[in-house]
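Structure first, commentary second.
Note that the chains take the letters A, B, C and D in the order they are written out, and that residue 1 is the start of every chain.
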Amino acid sequence: MAKAAIVGGSGFTGGELARILCRHPKISLSTITSRQHPGVKVSKVHPYLQGFVDIRFDEKLNGRMDYDIVFVATPYGASMDVIPDILKNGIKVVDLSGDYRLKDPNIYRKWYGIDHKDPKNLLTSTYGIPELFKNDIVESQLVANPGCYPTCAVLALAPLVAEGLIESRVIVDAKSGTSGAGMEPTKLTHHPNCGANVIPYKVGSHRHTPEIQMALDMMSGGASEVVFTPHLVPIVRGILCTSYVHLAKSASHDDLYSVYEKYYADKRFVRVDAVPSIPSVVGSNYCEIGYEFAGNGNVVVMSTVDNLVKGGAGQAVQNANLMLGLEESTGLDFPGLGV
Amino acid sequence: MAKAAIVGGSGFTGGELARILCRHPKISLSTITSRQHPGVKVSKVHPYLQGFVDIRFDEKLNGRMDYDIVFVATPYGASMDVIPDILKNGIKVVDLSGDYRLKDPNIYRKWYGIDHKDPKNLLTSTYGIPELFKNDIVESQLVANPGCYPTCAVLALAPLVAEGLIESRVIVDAKSGTSGAGMEPTKLTHHPNCGANVIPYKVGSHRHTPEIQMALDMMSGGASEVVFTPHLVPIVRGILCTSYVHLAKSASHDDLYSVYEKYYADKRFVRVDAVPSIPSVVGSNYCEIGYEFAGNGNVVVMSTVDNLVKGGAGQAVQNANLMLGLEESTGLDFPGLGV
Amino acid sequence: MAKAAIVGGSGFTGGELARILCRHPKISLSTITSRQHPGVKVSKVHPYLQGFVDIRFDEKLNGRMDYDIVFVATPYGASMDVIPDILKNGIKVVDLSGDYRLKDPNIYRKWYGIDHKDPKNLLTSTYGIPELFKNDIVESQLVANPGCYPTCAVLALAPLVAEGLIESRVIVDAKSGTSGAGMEPTKLTHHPNCGANVIPYKVGSHRHTPEIQMALDMMSGGASEVVFTPHLVPIVRGILCTSYVHLAKSASHDDLYSVYEKYYADKRFVRVDAVPSIPSVVGSNYCEIGYEFAGNGNVVVMSTVDNLVKGGAGQAVQNANLMLGLEESTGLDFPGLGV
Amino acid sequence: MAKAAIVGGSGFTGGELARILCRHPKISLSTITSRQHPGVKVSKVHPYLQGFVDIRFDEKLNGRMDYDIVFVATPYGASMDVIPDILKNGIKVVDLSGDYRLKDPNIYRKWYGIDHKDPKNLLTSTYGIPELFKNDIVESQLVANPGCYPTCAVLALAPLVAEGLIESRVIVDAKSGTSGAGMEPTKLTHHPNCGANVIPYKVGSHRHTPEIQMALDMMSGGASEVVFTPHLVPIVRGILCTSYVHLAKSASHDDLYSVYEKYYADKRFVRVDAVPSIPSVVGSNYCEIGYEFAGNGNVVVMSTVDNLVKGGAGQAVQNANLMLGLEESTGLDFPGLGV
């Protein structure tokens, strides 16, 4: 059994990591830290874990630093404070904050509003979408777990980008459940405001924009520009991305199907033969992808993930599996709720 | 035109009062106060009022105190600070906080946790359910506008209580939209917590319990005990009360119908010939009531109101109409959205 | 008082028309027809109208044909069966089906799958967005009331199109409440399927696509191509359109604001100084519009309407007002619920 | 590996059974029947099972009848047609319809409106709440899987009933997600009707009433009368029961806690140390129970289950485990989603 810790385990992502790891056959969760709740039972903060996770929050990692893998689920800005030291101990790290996603510190500063404090490790970190960058992940000590929106959008667009099928601009119109907003009550997530509403937010300024751009550029050399608009919809879990591309060359529906099927041939967690559905992926590590033509070379690509699983904790465990030499789907091999 | 003011107009209730009053043919809204937003346009805080309410928030009422009616929509505790002075100026007041509802200061202290500072006016105030206490309201200078739950529950039960049909305990199981929780984000109303949930809260300890008890006692002399449980459901507007009574004497479905029909014979805003529905009353001042037998003298009474209208600002205007000598339904004569 | 009838009044649109007309100071609703419910009280089918609409459904219009205006709210295909005869009697008609929207019978056949049976009246009908085509509407005997999505999208884009600011493609990503699907239960609107979901539907094939295209072409001569994707979201009322355009020439945020403000200078029902919100317009005839830049000449325009009011019955009454020589906002002069 | 079949596998319950069984370490799902979809891939009807359940629907069970256990998930009325034959083959059966729950054929006729066709097996069947009737279940060939509401209500009340703590009437006010209504679209579950609504239905006449009554009588000899009202709330999964009892003898909060804790001491799937929450149990086989006093011997007991798991397919598997001699929680040992 690999020995794991979660740093910053009191939020939704931390709880979801614990929920997945408590059933993982090859990874044992030995420590969960929380600066807010040291000494408190984890199942007090995450009551659904009662009977599954019976340890208490520690204030920090144990001094022996004898973990095989550490998941860091602190807010951005805080991750880069704790990660260098963990790495120094030779421990593998999956970071779920945004701190190690954007490879260019200048772009990081521009979108996150603070200086990057750990450019050295940023340089060697790997952007962790296993379906796209598996070989790099396997060899990495530090993986930056992608954002929920980028996971959903990039998986939908990667095959087209890789084939050079996308011309100029890509529009990503995303609809997200409210759990993506985290555990802290805000005006945006106050039910009277959002419960019978669809709310576009951070239009033109969301941090996942440069992340999607970077991921697509990694495959295409920067051929297309990403326009990304997130919306809050009154559901709790799940993301639908509706992406709009114009084909660079003529292709039929079947042509595109071949592109997708080939690209994701042996990828367990991507379904391309799908009418993408949120309930179908909720509670699972799956991403569903479908597409339709809308006249004249316009293609509408739809994709869904559970923002807390494939868009968060599930993908983090998938990355950890690869980093630890385990089969990629270990502990993640369950279907979505469906209904 | 009667001249009106709203004290504490930046919350949901204040906005709803302004929304109703801006269309009222006999009451003119001249002042809205807000300690938080003095000088700010009302339509900045309540954007849906743009083009309807074009005044700015004042910090306090004007010095001339030349209003015919003042609606006080501050939190409990604050109302009793400002109301005595308004009354001294001979102005009529509808208080939408809880400060003047419970006639007994000891009960007020027990449930609200603070001492009542204005027992003199408390004594002469009227509990304002117009369908039940119209004659008193007409003659009052100070009306305590009922809580949303009590309005819905008491209207459903009053005819049975008045007829002496209820034996011992009454169970009121209420389901409310989240707008009843007000404008401030809290953990309870955080969408990830409440958006796919039904949350019982303040079980056995909600302040509306003694209020329902008091209102029923006013009609029956205290013959029955009220058990009240509120629940938050993932809708924004509307309350359904499901009330359970055991009949003190035998009665048929038709007998009860006669009781209800007679009791509410000329009451514009109560529909007894109804399958109570929330959408049917949303946006309106109506209360819908229906009932079914559930074996052996058990009757299940169902009732619905829009918590912000009949359960709040609409009933306040209905009370004001009566206090000002206007026809009760003036400015309130519109149907619910239905869908 | 103008005398009005509704043909096909048992659906959501018919109920909404009755809800608005029952409070209209200059139009009197004298007949509502329903082939399904002849002889039944209207308030039996639309219980929220009890006390407001106390007539019964007729099977057909009265033989005297003495109406000033008839609203036709039958499904597409059925409207063109009944409208020619009404017109022959010199009566003005607002058609809420899709039958008279697409001016080209070939395009109608392509998207609706049936032949147009009344091309003569189709030719002289007017597409009824009052903010854009007021002069034509005033003079028309037959107005085709626009679809809910086109109303929301076209109002958002018209000023940019009219100024020649839009280059090539326009993406309209729309999110709609379920009331747009009408009164008949379907798999799509079955709550277990749609209640915790966002469902793209009729992607690339929705009938409102050519309607939006036609409306924009009327202003621009066909300079841009419309890609339209509707989604069902788990709310009941309201539409948000997120539209993506690339500017044909450089313009600042302020430049665009001037364009919008000038275009809608004296239009009562359009708010351009808005963060568009669904609750803000629900229950009202308003359209709210806002926009943001998203890098490099990309503009994201957001717009909201209540699909049953400005996107349906409200706009129909607005059109009727103009056709009858009344002030455009008569009977529509109320704000949205806001919360 | 025990060999299992599902009869009637195209509905929500059938899908949920397959979702659980496909991960079960000791039961192998070899046949799923559907009269509607013979020959169709199961994952075509339940797309979330793609990659987990790769068989096709059969029209009927295989002729060899070599199953160890058969789950019957047909509608009531149809179950008693197929079950006698399966039993004759010596196969164990868990019936998820209502056909074998009410032990008295007269009560069955009264509430289900049809005659019972298999009174012989009805007589020997066991009502399957494992926490209450484990010993009987272990020895049964036919287990009637309880309804979703009875599971939630009976688990909440059983300890009090067993202790003789309940006086006379019990009120069960239940709020259910819409998945309980099954896969067929109806007016009740049409989103525009139920999406912003709380709908009491079958008040005084729901079939789960006599089932709850029977289960409580099995423990108490019929000391109390059950009044049961179900409501539809706009969530998809989950039930909250709010039950109202009056104590037959004085007891403190701690006294009741002892009663609950003792009663469920070694029951894996009941949490009594809980603030019952729907998200906490969704996706899991858990039942959470909590209670509060509401003055004068009134106790409000709250309980939650996932209607499709502990209230359906999960409990069916729990029963099957016991019937097959497996550890009760085999294949069910996962926490709820929590968020």
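Quick note on the criterion: a residue touches a chain if its C-beta (ideal position, glycine included) is under 8 Å from a C-beta of that chain, and two chains touch if they have at least 3 such contacts.
Note that the coordinates shown come from a computational prediction; the quantities given were computed from them, not determined experimentally.
Averaging C-alpha coordinates per chain and comparing to subunit D, the farthest chain turns out to be C. Each of A-D and B-D has its own count of C-beta contacts, and the greater count is at B-D. Interface residue usage between subunit C and subunit D, two copies of one sequence, is largely shared: over half of the residue numbers at the contact are used by both copies. Centroid to centroid, with C-alpha atoms defining each point, subunit A and subunit D lie 36 Å apart.
The mean-CA centres of subunit C and subunit D are about 46 angstrom from one another, to the nearest whole unit. Centre-to-centre spacing of subunit B and subunit D amounts to 40 Å, using the average Cα coordinate of each chain. Shown for subunit B are the residues that touch two or more other chains, namely 12, 179, 192, 196, 234-237, 277, 279, 282, 339. Residue ranges of subunit C in contact with subunit A, taken from their complex: 169, 171, 173, 175, 192-193, 196-200, 203-205, 209, 225, 227-229, 231, 233-238, 240, 242, 244, 246, 277-279, 282, 292-296, 298, 300, 302, 339. Taken together, the subunit A residues at the contact with subunit B in this complex read 12, 177-179, 181, 183-187, 189-192, 194-196, 234-236.
Listing the residues of subunit D that touch subunit A in their complex gives 12, 15-16, 19, 22-23, 46-52, 179, 196, 236-237, 268, 271, 273-275, 277, 279-284, 286, 308, 333-339.
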